[in-house]
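Per-chain numbering from 1; labels A, B, C and D assigned in written order.
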Amino acid sequence: MLERLKEEVLAANLDLVKHGLVIHTWGNCSGIDREQGLVVIKPSGVPYSEMRAEDMVVTDMDGEIVEGSKKPSSDLGTHLLLYTAFENVGGVVHTHSEYATAWSQAARPIPPFGTTHADYFYGAIPVTEELSTFEIKGDYVHNTGLAITRRFRTLDPDAIPGVLVAGHAPFAWGTDAHDAVHNAVVLEAVAKMAWVTLQINPNAKQVSQSLLDRHYFRKHGENATYGQ
Amino acid sequence: MLERLKEEVLAANLDLVKHGLVIHTWGNCSGIDREQGLVVIKPSGVPYSEMRAEDMVVTDMDGEIVEGSKKPSSDLGTHLLLYTAFENVGGVVHTHSEYATAWSQAARPIPPFGTTHADYFYGAIPVTEELSTFEIKGDYVHNTGLAITRRFRTLDPDAIPGVLVAGHAPFAWGTDAHDAVHNAVVLEAVAKMAWVTLQINPNAKQVSQSLLDRHYFRKHGENATYGQ
Amino acid sequence: MLERLKEEVLAANLDLVKHGLVIHTWGNCSGIDREQGLVVIKPSGVPYSEMRAEDMVVTDMDGEIVEGSKKPSSDLGTHLLLYTAFENVGGVVHTHSEYATAWSQAARPIPPFGTTHADYFYGAIPVTEELSTFEIKGDYVHNTGLAITRRFRTLDPDAIPGVLVAGHAPFAWGTDAHDAVHNAVVLEAVAKMAWVTLQINPNAKQVSQSLLDRHYFRKHGENATYGQ
Amino acid sequence: MLERLKEEVLAANLDLVKHGLVIHTWGNCSGIDREQGLVVIKPSGVPYSEMRAEDMVVTDMDGEIVEGSKKPSSDLGTHLLLYTAFENVGGVVHTHSEYATAWSQAARPIPPFGTTHADYFYGAIPVTEELSTFEIKGDYVHNTGLAITRRFRTLDPDAIPGVLVAGHAPFAWGTDAHDAVHNAVVLEAVAKMAWVTLQINPNAKQVSQSLLDRHYFRKHGENATYGQ
């Protein structure tokens, strides 16, 4: 079942490695079939070099395995919550990519310092609150998702397709698994450039609202014209 | 038409990828045929891996497509303005290369801290003024070019073949597309080294005028002797 | 003798190069056969490109060569001491990997700023005391091992499989040679991210004890469930 | 003539590229035949990908071309002076490698923060004085060499096989061309790690004299035992 989605999710996971976003087996990507309400996610602990489409795990929205002989990624619970809360999301990525993780550990949102950022993220890339001991000791993976969705109560996940989990690492999402990887790559590049920007000029200014509008809306919405 | 220039422009665009200056499809390069008044530029949104010479777009100096089935790069308007204002320029490059972009976001000119810089740029690499809301809401791409040419009113584009657009990213140029890429690569290296230089010594001194002269004129002008 | 262990140790040494942890011939990895009380270690001064399993050197716990025509790595004495002091350790790695070495040179422990760290190291990665002139002039390599074991008097080497030797570089260990390399790769990644974290936020907070517990124990001990 | 030395010098120049120390055609390496008093150096302006042994240029100690159809590297004058002043040197390398160049631009010596440094450089890696306008306007390349040898009046070039030219970039040397490249690679690694060390701990301590002695003399002199 869902053979095409499995191929997509496999390819997206391998792309994470190709783009240098993962070390060892850290990082995972999933995709959703909204009609059937099924998620396809990377298996747990399988080396990337040996991973095949049939190793992908199919689960329902409660995390019950529908097909697959492997265990699903241990971050499945967070993915499921994001799919549930963010209705236009078709793919979710989690990595420990170096610079985005550093911002997560620093517990600082990434300010929109330039058009690279503005082309993809319509405002700062937010950081969640630190999880409480209660949340950590409870259903930790699910609660990580809750910390994200709580942070997005007043934000639009379609306009800001990524988040930093405080003391942890980034999640990114998109219209499908491939697009989620694309955004995860951008998030990492933006994270690195924002760090260097602040090193050069600790008082660097965020771009203006009009520049945010210009760049975001040339790529998104009805009047999109983009393509460098 | 302009088959040779198309090959050159294609090769230059692929070189941007090879030198690690672009992520995804960010970045673009063009070349001009001054006699015919025609510009050849990278198409919009075509993956580098599939790009062929016949995909290059030929436009006149008003941006009207003369040949080509694809849309031209969305930054065409800036390229055209640079060709119009800088009469010796034969090729233009725009990238979001990491370190030069960080300086652009920091809105700080890159000081000439050493001979690497001085061999290519005869003084600091300037940064434009921030675009006004009016300029952003108007013909943004064209106005980006105007911000650059305004910055060069008192500068020589032949002696300083690159610029940082504030809150955006660098443009570089040269005698042809290949030379523009060469300068874009140097700009990125110089940007990285200047950042580290300041980290090591926040009071680092710029090179003296005599060193600027020595290095610049051994590579440029009548008495050039250079070649390491 | 110990042909299988030699193959393992060779593969682990080559993995150090593949992961970018070594320059020239810096770095070395060993493995132990606890039953026979024999250690297999990289030979000294043999280029990685020419290294074969039969070049690995077998020594007893006193460092006497039991088999092998090459000299053992000059750091053998430190490896032997770690095997003697840390009874569950099956493999030891020493590198001069850039970021972990920088922390060693800075003589600062690496604080646990995030879950990447917490998944592998149950607390800060400690740094030894500086060796005294007496220790340096004496049996330096052995004394380096003593400085490490002294630092671990109140620490559990199974929960913190790595250390920074002040003014020198890191050692890491694991259940076997392969696992030691795995931990050395993580140590380097954690060292880089911790540096960037502090650059972004000099007051970055360490993760809470409950997060340390959560991440560490999902990978270690009876209730381990991990595998991304 | 000197076919073997030409092969060595070619290989050493290509190694500079392989180790990531050069961009474009920046950087050059030479070797000397002390008996014949002849130097073999990289030609000027030939792309690395097309360089062949017969392109290497042979000159005498005054810089007169003895064999070769190409122009010698424009830095020849500095190489010649180093061979004249430092009698045990068999190979010289000049690069604009990123981190060593940043230290040169910062005009700061690289302190010996750890054993990686101490294994190769017996003390800080020195930086020359800035060249005067008079020196720059005169025989600049030769005067660059003089600035280096002046800096080494009280230093031993055999114990410290490299230098930072202020506002310019590093030179390194060794017993032959290959060894000079080896030391240039170490200098770059040491430069990067020293920068990060200072970022982590601005008050990082230099290693003790006894550690400098221990590491330097285990690799150099009569009692050398080294080989990791």
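Heads up, the rule we're going with is that a contact is a pair of C-beta atoms (placed from the backbone, for glycine too) under 8 Å apart; a residue touches a chain by one contact, two chains touch by 3 or more.
From a predicted model like this one, the values you see are computed outputs, not experimental measurements.
Where subunit C touches subunit D, under half of the residue numbers in use are shared by the two copies, so each contributes mostly different positions. With centres defined as mean CA coordinates, subunit D is found 46 Å away from subunit A. Averaging Cα coordinates per chain places subunit A and subunit C 32 Å apart. Of all residues in subunit C, those touching 2 or more other chains are 198-199, listed in ascending order. Shown here, the protein chains touch around one cycle, each chain meeting exactly two partners. Subunit A meets subunit C in the complex at residues 23-28, 42, 44-45, 71, 73-75, 94, 96, 98-99, 101-108, 130-131, 133, 136-137, 140, 167-169, 195, 198-199. Contacts from subunit A toward subunit B in the complex involve residues 113-116, 182, 185-186, 189, 192-194, 196-201, 204-205, 207-208, 210-211, 213-214, 218, 225-228.
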